[in-house]
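Chain naming follows the written order as A, B, C, D, E and F, and within any one chain the residues start at number 1.
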């Protein structure tokens, strides 16, 4: 029947320095792998939507035309699945958590105008190309049709 | 009937932060009847399989519970791997084992703290949780998360444990071993602590078997069952014996868990020692089709997984039978005849996880 | 004006959480983070609590419980939702028995994201909550009604839900 | 001790045989480790599985009752008189899957989880909404 | 002379909360350090009290307010009587009356945690009351008077005659100060199986009153400890302060190194200590003085 | 002229009894009873006032030296008692009990016959007797008034019991007559008669319902009391033959201290035997069981037995004997038994839920305290004893009556059912509150008495008694607090209760309550002007001056009054204070009110809170036997000690 068996440890604690961190007076230290929050280098994003589809929470949304990538940080479980899945590796898991707030606002990242412009141009070009291709195809079709008609005539 | 009190315990109660509710009938402070009520935390996450594919489900399963989160992720992946006949690389098996034991370590230390808290030993609670923080540090170092690891995927693991990290783990193990000795002294020998645990909530071996108890709760009653003996992951290649006690009371349960802390430390050391080189994950192709029953040993005891695939990415059924669900009957049995003051302690001795019980 | 910011007593209620956030709430109180530095005491009793920490989402069965605990607290009081589950329902929001975040039943003042929310985030969340706490006191002492404030808040959240 | 994975068998039975099977398992000293239901969406079938395990050699026997959609209301006698703790599993199967299990020793009357939706795991039958 | 007593009583009424609060703050700090953490600021108890008094007053049953005020009043009166140099046995009777009001404040709500807490408070009373009464009697035997004014007048400190009683009283102090292992009716920590026990239904202003009453009580109880030390020599007051500091530190250490025991153990152990330490001491005293 | 009041007080109740017996079943009995009660009350108060005014307070006064006729009446009475007892014990097949009546009576008659003729005072009035008279007169009459109303309700509910209420009332009157006789008589022969008279009355009262339990219990009461009576007789005979040949009680009291010096222990034997008799009457261990059994009878009889009469007869004798017991072995043992009874009965009271049983155990325990005080026998403790007697009589009488009345309305006397009584029967709860505070709490007098008792015992260095008291009083507070808590607790169910209490009962409550408060307020006056002089009386301690200095007393009273007034002030001032009402805390699942919660099935369940009883540890069944054994052993030890000495001394 021992009493106060913990006295030694308690007294030792009493005379040692507390282990308490100084947070928030001093910033918190994070490990390298710490899953804090998701960052995006938006200009690299190709808007494929892989991340939005794989996210277990449905936290993400993208708008390919506007070039935006939207995240609700109050909904993200920091699982990192999107990071793993992103084909362009433009998503990264960054240490440091998202700060608390009174509102659950979503954050939207928009591509820089140049990139947008470039993309728009590209899209235009693609569209043009597609149109051209279409035209060409139509022309080809028409030509073929004409050819066929001609053959018929024959 | 006049001398009886009919009172609720929970759902909100500081001793057991999780919401479980018991209808108690007391005579003085003796419990003469108890009826459990659950559902305060029931989410219905098993049904998410209809909306999430089997890869996403890993992250959902991890959140069956935040304490043995790793185990759930693992159990799920292993079951799917069985169905899909995936051969997981050896290194991944060992890494999984190490993380599994780390999570057991933190879980048991957490339990010890909650137990100390339940019998009103503040300082001991702080001590346990302080030691536990060291384990969490290592977990964060290796996985990036403190409680939710998110390192499992179907087919293997996502992250490696580098040699630096291995060193950190070993250092941490030494520290924890040393500190556990201090804790053990108080948990096992202190008069006040003993007065709260010895002879409280006794469950004999026969009773434990008849009530279908699992995990340390059953082992403390002398049932030598430990799913790790089934040799899943890398356990087959490590040396271990189930730890049992024959007391069947709270003291015995405490003894078993403290023994398991040492056991986990030993297992991690062994696993690190034998850690093979190799790939982290196998390639996964196709969708699961078929069914499998898997049993693993969570810190709280045997957890059963049942998965039924139907050839689409969305599983037909994902089922987790968690240790606490199995131990509910045992809890009610030990509560009858105990003191009201023991409710918290007894609830904690089964190391309850209501979150996973109700899913 | 009296400063009551140095003594925020919290009460924790575990909604439908997975335990992850709960143990982190507890971890805040332990030596490494020691929330008592800020006068934070974890009291289990709503009668004595100033700040309600809700972890986990709301389901059919715990909705009345959360509401009742909130009602039992004395004014001024503050609600902090800890973890994404309590913010939005998180990973479980599509489950059949999850109604959503804590703001489904009570007005939430501060949202702490994270899964699990880190202890530092929780401390930050409480500190932010303390600011609201002080404002409320000042309002109360001026005799302004607090409910109005809360109703507005509730409306806002309802609106954002609609969106 | 060496690791033994143990057997893992599925034994299909008719609904009426459950009690007999449970008795048999009990007499062998097995423990009920779990019981669960599953709704097979493609096959439109309700399956109940009772798993019995042997704590010495880690064998597992899963007793399976399969019910087609039109027969899913078939009455099934509870085994809670044989394994008292089966009550929780059976209550769960009944509340979530609508399995028609009768005479459970601790009957929660579909209020184990107290959810709003009825039997969320199985689709509503025609004529019900 | 009378005026001297009066001044000390007035000082008690005015300053006991300050001292009590400060002692509380020091205690919390020491406790925190024993748990290897920084702990709250020294003045934390006052911040807490300030907040409690500024919150919206609440009650479960209206009569709680009245019972709590009465509780505070009687606690103050207990200490006041002691510092007025009055009959110490009467002080103790008034103290039990005070405890009874706290009991009423808890049971009047009919709620379960506070009722269980209240019942346990009564058990605590059963555990400590004998020792407290014996302590008074022991003083009487040594000094031939129940009056504190007389008790402090001897040449030799009573502790010389009463080591056993002192030990028993220190033991009982753990119960009265609601420290582990005997914080069974309510505890300073929220980890009670009955939540806040007897104070479960006491919130905001009433809890402030409760806190204040506790501070008064702490000072009164430590005053009792001082009675063991103080004699006609003015330096003994200094000695008393040192002893009080040591005793208080010991209480905190005990608090930090023990689990909360159950009520039956509490009664058994405290009665045993009372009988063995105090009873034996008094027996010896009868032989030597008688 | 006024002196005639004494025989009047003794005879009038008997007369009333006879009239009542003649009334048969008619309602006329009620009027007769009210009339008789009022007359007795007026007579006793008048006598008391007259004595005060005429200066008769100063000294005792003996009278009735020549009482030949009365002696014959008494002789006849004694024989009548024997006949009744013999008849009933044969009727109920307990023939051996009759021996306990026949033999002592024969012995005492024989003794009287052979005694040398002497001139003794048969009646002696001093302040103690006066105190008892006013106590018995006022409290007893109130009980009778209460009984009239009570029996009405009782017989409405208990149809199975034969309605003999006039017989019951007659017994109550007889009892009072016997009591008056007992406290005023100064002849040992008369003393024995009145003693037996109370024994038989209580026997008949207990057996009133004639159920098997009642018969059993009544016979238990009878044989225990007759055993006491026998001891009394033996004591008297021993005294007459071996110590001093007189049958005067006063001489007895005065002569013994002088004889002790050369007769030694022999002279203590009569004292012990008399004290032994008192123990049986005061239901001390090992004789406590009869008082418990007495509860089968309707409440008024328990009230009468417990408060002012029966059991107090024992205490009265002990107070008379107190100076003879101071510092000797008899005193030590009597005090031990008293102290032991105090703590043992308190412990048993903790485990009771039946309000009447709690009251019974508390009576036994308080009588134990009084016995201990008397046993110590110093001026201080005797002072305490008298105050305890006074306060106990009033508050116990009040409590018994309120419990009885509550039972008639509530149909239960389980304390658990008193949960929230304040909201169901507010007046009853209030009176219970007053009664209970009177029993143990400041500012009521029991506390000061206890204080004084403790002080006296410390001075006497009775370590064991001190321990008994400090531990016992802690336990006492436990069971009273429990009860009070029940009264004010928020009710389980909002149930309405029909109050069927009669006006007569209410009047009795009010008077009791008032007396209680007045006694507290005027405690110093009572002490200084009355009780102190009992103590200083010629046949008591002869020490001049008060047991407790009046100055201390006044300070105490001031403080205690403060204790009383301040809460009222606080209450009044707190009335219009702003405070928000919240629901009680129940882990978040109350169903919108304070007494219901959502149970495991999602339905509403009523929250029930019961007190602690420690039934397994402290039940009467469990503790009574061992406690009786301890007390019995103590009695045997002292008996053999004294017997040994005496026999040794005789030869």
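Definition applied: a contact is a pair of C-beta atoms (placed from the backbone, for glycine too) under 8 Å apart; a residue touches a chain by one contact, two chains touch by 3 or more.
Computed from a prediction, not measured in an experiment: that's the story for all the values here.
Engineer: Going by the touch criterion stated earlier, list every chain that contacts chain C and also contacts chain F.
Structural biologist: Of all the chains present, those in contact with both chain C and chain F are B, D, E.
Engineer: Chain by chain, through touching neighbours only, how many steps does the shortest route from chain C to chain E take?
Structural biologist: So the least number of steps between the two chains is 1.
Engineer: Of the other chains, whose C-alpha centre is the longest way from the centre of chain D?
Structural biologist: Farthest from chain D by mean C-alpha position: F.
Engineer: As a test of whether you follow the contact definition, which chain pair has the most C-beta contact pairs?
Structural biologist: By number of C-beta pairs in contact, the leading chain pair is E-F.
Engineer: Measuring from the mean C-alpha position of chain B to the mean C-alpha position of chain E, what distance in angstrom results?
Structural biologist: Centre separation, chain B to chain E: 43 Å.
Engineer: Starting from the mean Cα coordinates of chain A and chain E, work out the distance between those two points in Å.
Structural biologist: The computed centroid separation for chain A versus chain E comes out at 61 Å.
Engineer: Averaging over Cα atoms per chain, report the distance between chain B and chain C in Å.
Structural biologist: That pair's centroid distance is 28 Å.
Engineer: Roughly how far is chain A from chain F, going centre to centre by Cα mean, in whole Å?
Structural biologist: Chain centres of chain A and chain F, defined by C-alpha means, are spaced 89 Å apart.
Engineer: Two-or-more-chain contact residues of chain E, please, as numbers and ranges.
Structural biologist: 32, 34-39, 56-58, 60, 112, 116, 190, 192, 195, 200-201, 203, 256-258
Engineer: What parts of chain F, by residue number, touch at least two of the other chains?
Structural biologist: 580, 582-583, 585-589, 600-602, 607, 609, 611-612
Engineer: Identify all positions of chain B at which a residue touches two or more other chains, and write them in rising order.
Structural biologist: 5, 7-8, 11-15, 29, 39, 42, 44, 47, 59-60, 63, 121, 123-127, 130, 133, 145, 148, 190, 192
Engineer: Of all possible chain pairs, which ones touch?
Structural biologist: Chain-chain contacts present: A-B, A-C, A-E, B-C, B-D, B-E, B-F, C-D, C-E, C-F, D-F, E-F.
Engineer: Along chain E, where are the residues that touch chain C in the complex?
Structural biologist: By the definition above, chain E touches chain C via 28, 32, 35-41, 44, 47-48, 50-52, 54-58, 60, 190, 192, 195-196, 199-204, 207.
Engineer: Which bits of chain E are touching chain B when the two form their complex?
Structural biologist: 31, 34-37, 112, 116, 180-181, 183-184, 187, 189-195, 255-263, 265
Engineer: Which of the residues in chain D end up touching chain F in this complex?
Structural biologist: Interface residues on the chain D side: 108-109, 111, 114.
Engineer: Spell out the residues on chain F that touch chain D in their complex, using ranges where they run on.
Structural biologist: 600-602
Engineer: In the complex of these two chains, what residues of chain F are touching chain B?
Structural biologist: Touch residues, chain F against chain B: 353, 414, 416-417, 586-589, 597-601, 605-615.
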